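Below you will find the structure I want to go over with you.
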Amino acid sequence: MSRSRPVVVIINGPNLNLLGTREKGIYGDKSLENIIADVQTKFPDFDIISYQSNIEGELIDAIQKYGFSALGIVFNPGGYTHTSVALRDVIAAITTPVVEVHISNIHNREDFRRLSLLAPVCKGGVVGLGTYGYEAAVRSFL
Amino acid sequence: MSRSRPVVVIINGPNLNLLGTREKGIYGDKSLENIIADVQTKFPDFDIISYQSNIEGELIDAIQKYGFSALGIVFNPGGYTHTSVALRDVIAAITTPVVEVHISNIHNREDFRRLSLLAPVCKGGVVGLGTYGYEAAVRSFL
Amino acid sequence: MSRSRPVVVIINGPNLNLLGTREKGIYGDKSLENIIADVQTKFPDFDIISYQSNIEGELIDAIQKYGFSALGIVFNPGGYTHTSVALRDVIAAITTPVVEVHISNIHNREDFRRLSLLAPVCKGGVVGLGTYGYEAAVRSFL
Amino acid sequence: MSRSRPVVVIINGPNLNLLGTREKGIYGDKSLENIIADVQTKFPDFDIISYQSNIEGELIDAIQKYGFSALGIVFNPGGYTHTSVALRDVIAAITTPVVEVHISNIHNREDFRRLSLLAPVCKGGVVGLGTYGYEAAVRSFL
Amino acid sequence: MSRSRPVVVIINGPNLNLLGTREKGIYGDKSLENIIADVQTKFPDFDIISYQSNIEGELIDAIQKYGFSALGIVFNPGGYTHTSVALRDVIAAITTPVVEVHISNIHNREDFRRLSLLAPVCKGGVVGLGTYGYEAAVRSFL
Amino acid sequence: MSRSRPVVVIINGPNLNLLGTREKGIYGDKSLENIIADVQTKFPDFDIISYQSNIEGELIDAIQKYGFSALGIVFNPGGYTHTSVALRDVIAAITTPVVEVHISNIHNREDFRRLSLLAPVCKGGVVGLGTYGYEAAVRSFL
Amino acid sequence: MSRSRPVVVIINGPNLNLLGTREKGIYGDKSLENIIADVQTKFPDFDIISYQSNIEGELIDAIQKYGFSALGIVFNPGGYTHTSVALRDVIAAITTPVVEVHISNIHNREDFRRLSLLAPVCKGGVVGLGTYGYEAAVRSFL
Amino acid sequence: MSRSRPVVVIINGPNLNLLGTREKGIYGDKSLENIIADVQTKFPDFDIISYQSNIEGELIDAIQKYGFSALGIVFNPGGYTHTSVALRDVIAAITTPVVEVHISNIHNREDFRRLSLLAPVCKGGVVGLGTYGYEAAVRSFL
Amino acid sequence: MSRSRPVVVIINGPNLNLLGTREKGIYGDKSLENIIADVQTKFPDFDIISYQSNIEGELIDAIQKYGFSALGIVFNPGGYTHTSVALRDVIAAITTPVVEVHISNIHNREDFRRLSLLAPVCKGGVVGLGTYGYEAAVRSFL
Amino acid sequence: MSRSRPVVVIINGPNLNLLGTREKGIYGDKSLENIIADVQTKFPDFDIISYQSNIEGELIDAIQKYGFSALGIVFNPGGYTHTSVALRDVIAAITTPVVEVHISNIHNREDFRRLSLLAPVCKGGVVGLGTYGYEAAVRSFL
Amino acid sequence: MSRSRPVVVIINGPNLNLLGTREKGIYGDKSLENIIADVQTKFPDFDIISYQSNIEGELIDAIQKYGFSALGIVFNPGGYTHTSVALRDVIAAITTPVVEVHISNIHNREDFRRLSLLAPVCKGGVVGLGTYGYEAAVRSFL
Amino acid sequence: MSRSRPVVVIINGPNLNLLGTREKGIYGDKSLENIIADVQTKFPDFDIISYQSNIEGELIDAIQKYGFSALGIVFNPGGYTHTSVALRDVIAAITTPVVEVHISNIHNREDFRRLSLLAPVCKGGVVGLGTYGYEAAVRSFL
């Protein structure tokens, strides 16, 4: 994995492949691909890699794959945010810092969404600032 | 996915592939295939599609696949009933109504089985009425 | 109580006498009498008996009266669902199986409505499928 | 129920028929009848109707009876304040506004008395101001 | 209510009218009438009055009726043990001491049966000693 | 503080200085000044003093100042209702009775608003009856 | 341990050796010795053995010693009622039935006294009936 | 408050005046003044106003002052994050959007720091990204 | 703040300015000034500084002012003991050790008074020993 | 699956493929392959099969595959220990006994790691004894 | 127990016999004997009696022995602080006041150490001030 | 305690002296003495010392006695597992590692048995593997 530019990996969890197709009032009408492309445009000095899966274990695989070499990981864990000890373990095990991103404000929804199991082992997080959250998270690795 | 008859999808989660082979006193001795075949027989005007997986993310994939075109989804989420925010999110995101089915009465077992994370976003549910629950759920889409 | 056709008793608890007069958007505009009449029409081989009371103890009386001879009891306990140990005791004491029915989805309302004290001693339940729930419950006794 | 003066109904729940006979240091020595008579005297332009029962379901009956025509209901639910979902349901179902009254301060007694199941569906409440609470509640309908 | 012998009232709550007819392995095969008759035989110097109702409010009425004149009240509140603040209030309001009786051991059943709302305002209680509990409670008034 | 007419102090806590300017649908369009003026008009025999602060400690100061001489204090503690042990302590320390007022119904909002830390040490309270609550509270001191 | 009369053992836990010397208003002025002597007098056909210790493990020893041969054990566990899993284990392990006795009403004291860890494995219990509780418990073995 | 450039207000709560002087390992060695100056430099088209107070009520005053005219408020509430209903109320009352910022990761500290009472009424938040959080929050108003 | 004698600061929180004027049975009849004077007399080698405020933020200011130079701080936080994360933060931030003092025994009052949010970051505490607690705390700095 | 030697299957869950590469201070520097090889060496009479996956559903598949024929299963469920009802269900459904193994002591880490959802349906468990735990578990099948 | 000087008893619970031998960084290197000797030196007018046991019941015995005659008891209950209702009962039963002492700050350790079951029945307590706590407690009896 | 062979001490808590005499279906029919003898046979190079007591404080004494010299301690704490902070403290204080053993699976019994207060300070534990657990624990010291 020898690359000339530093790598930042943007990993999206379950149902985020639906971005741009559902609930556009909340999430906007840009697809995940467009969002990632916009981020790449804003950070020409970074090599932005994007990965999405609905399968918890595949997200673990991806974090293991990049977690010892990338400069940073931006992670929107979707519904696994509140339930996955296994994702927490892999974030704690790797050496690359992870910034957690949520597009909407998870704090004004159901009570069980208020606590992220992952937040304590992440470097930090951005919540409720729309797709700008991805950009803000990448910028934090500068 | 243009079909002449309306589609109802029956999705079964983890361990339901064991139906008919284990704990026959509780679950009867019909296999999942036989159960689905019986349901198809009872509803000749519907196109009954059956899907089963033990993997949470594949169940999400299936619900995404059918959730914008089918008439209804009958979902027995098995052990993911009580733990999966990601399945809740996909049921909330799709436009097809979902009816939750449990073969046995989940309310007279361990306490942690009493609350379904999915129930609040489903249209309704049938619990404890055996495999008749699949039939009752399909009929609710009439 | 010697009858030629098997008896199924439909018992409705507090405030269900208001059906058809209040919140029609949720509950439809059919009165309880009309709903029962429709069920009787659908099951000509059953003798459908209907009882309603707002008084917890009278509901206990009714369940005692029919609970040792009827084929089945369909019970919509209304607000007593979540608070009545006494109703739970009578359901556990009788020999007739009871199926619990709720017209609306009690799982997407206040938290205290999510747990039914009665569900653990009922045979099963149907939730959120409208007045069709009464029909589905009766059919489960076939 | 066509009356010339607007009707306000004062409904009292369990054990309030003992007013004036027990614990006079707390509740005073006026009987319920005297209290209601005093209220009627203070509001000559209202037709004050009084009802008391120790039976939860009869209180539901009474609220159903007056709840679609009276100007207001003043309700002291006594011990059912903290346990009756069925009373909550009927208050939510009717169109007449309900004001909850407690003669003594329920907040400086046992913990389980601190939360009223009914308060969220009432218009408001008066607590701890003695029998003046009935008067204050009626006046709120002016 | 002028009687020559001191009065002890035995009040039984919901479903205790079924004694002797259900679950004989647990509750024995004596009817409530027989149990009371046996108690009367054991205490010839007392006038034993028996009352049973499935209706919470009627139990309140009965306790109000006897609670200012009887020597003692023996109360088996059945399923209302754990849910009735209104019964607690009436026991606290009367002057006659109340002894709570449960035929079976409520402590080795479901968790919600372990706490009696009434126990703190009763004089004491007898639990799990079968129908002998009624006798032991009456004897405590000697 | 020798005055000819008895003094009633109306103290308002955080954000109540915004009355009449925000959320008029809920709180009406009268400013706090106008509300107090109306109350003074209704009670010409009382000397109505009004105080408002957003600072918890200044509210404590005010309650200390008037709490040993005024006839009564009407207190709308706003957001400090649920969090201030220090305000509870000062209400318990003074000799003037305090009546707690909330303009809107705090019981049909978030769960954390349901319990008032202050209610147990107040004389009583009026909730959800709009600005009439101030009037009802003052009248309770008659 | 071959005895001609059946043996009933009365075991008292911590601080009950102080009976008759402290808080006489609650516990009366009879010493533990006197209480046991009175019980022996009332049951001449039983051999009443009395044991008291403040040490949890010695109470376990005593229950082991008598728990396979005595007719019954009457046990007042004092403060170990609410904390001792080890005492619960020994009661469950022996074959002699145990009846739990508390002199005062443990239900109107601190919350932590309301649940007995031992009650679920005892045959039954007598609470709040004073030293008569020992007699009532012994009589239950008749 | 007519200004030519749009105003963004950065409000800091208790103890943040100590920035740069304490725990430099965690918070860096820049004073609050320097941090604000850096932000102003990065956003020359905004008018950045800075306010700090240790007094909860003064923070409410400041949010009221700017909350109806500024483009955005960046708010680091410090220790009031977890305890202030009054601050939550003022954020809900104003029209300017608020972004909550925490310099360190509040999720890997004590449990009571995990839930922000303010987050549900803020637009969003940035946590754990150091003083870069202020910049990221301001940029979200672009 | 160069002083010849070592400085110990005694800081008192809300309502402690009422000492000597209220509830003398509990708190004695000495004013705060007298108490401090007595302490000064007992420790002639210390420079005892006293500060009191009802305002949480002013207490934070005071702790910041003395917290990097004084030998020790004796702090009676009054009602802020149980609610103030901001006071906890400042105690953790300073270098001077803090000893928490409560005049009465906070453990035999309401449940919410049993846990001090501040205790984990203080050096230690003295509770329930009356005004002697101030002396004991100062002496611990010897 | 007819084999001459009895089969013991060692199944490892998420992140255990990282053994030997991360946190060597805790987990040692042996890879999972080496650990399994060592176990095979110690038990020449067993056929040791090893399986690892990060995907919950694949672990269910594996347990279904071996769970009706193997002599025993040794299972280190990693982060799924605390969250997977579906894994619990499959362990309960199979006939092969399962012994749960954790390399490190899960009881001295975060609170949420203390309870294993799987433990109640396993035969037993070994915790905190390093990789020796695998050996001890296999030996238990002798 | 007639002595010329007033008696203060210092009772130490489980593991405090290890003082001076373990964790010297926290507890110092003085043995319990030395600590007591130092206290005796400081209070020549008192007769200081020291007792230590690891057995809960023996501590109860000791408190009973001295609890009706000594001037004061200083009690470090060690691990029984949080679990012993029986010790609480004996402290409540005796007439001698008890001051609870903990050498280290029990509030910055595990959560279960924060609440003392004994504190509500003690006169007061000293926490976290090292072995000086014994001296401060004794002095409080002056 | 100078011995030629390394010492491993097996300590058994309350009721384990009954092994082999009670509930043989669960615990087998070997006495504790036989179990220890078998272990000694399996580890001829160790000096196995066995100790049992029903008294919590004597178990503490024993752990203190061996806890600074033995190679390892195998501890089955019986019912004290879930309630003894004092045993936890002594295990934390000694230098010898402790392995916790439970013969039966404590995780499929009552809820209060699921958490061991001791586990966090032990090296590890073996649960549910019968008396083999003692052997497995001793072997872990090899």
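Every chain is named by a letter (A, B, C, D, E, F, G, H, I, J, K and L) in the order it is written, and numbering of its residues begins at 1.
Definition applied: a contact is a pair of C-beta atoms (placed from the backbone, for glycine too) under 8 Å apart; a residue touches a chain by one contact, two chains touch by 3 or more.
Because the structure is predicted, anything quoted here is derived from the model rather than measured.
The set of chains touching chain H and also touching chain J is given as A.
Listed here as common contacts of chain B and chain E: C. Each step here moves to a touching chain, and the least such steps from chain G to chain I number 2.
More than half of the residue-numbered contact pairs at I-K reappear in one of the options K-L, C-D or A-H, namely A-H. Chain I and chain K touch with mostly matching residues; of the residue numbers seen at this interface, over half occur in both copies.
For this pair, chain H with chain L, the centres built from the Cα atoms lie 55 Å apart. With centres taken as mean Cα positions, chain L sits 47 Å from chain A. Averaging Cα coordinates per chain places chain G and chain H 63 Å apart. Residue numbers of chain B whose C-beta contacts span two or more other chains: 55-58, 83.
Under the contact rule defined at the top, the touching pairs of chains are A-B, A-H, A-J, B-C, B-J, C-D, C-E, D-E, D-F, E-G, F-H, F-I, G-K, G-L, H-I, I-K, J-L, K-L.
Taken together, the chain B residues at the contact with chain C in this complex read 99, 105, 107-108, 114-116, 119-130, 132-133, 136, 139-140. Interface residues of chain G, counted against chain L in their complex, comprise 55-58, 60-61, 64, 83-90, 93-94, 117.
The part of chain L that touches chain G in the complex is made up of residues 13-15, 17-18, 22-23, 53-58, 78-83, 112-113.
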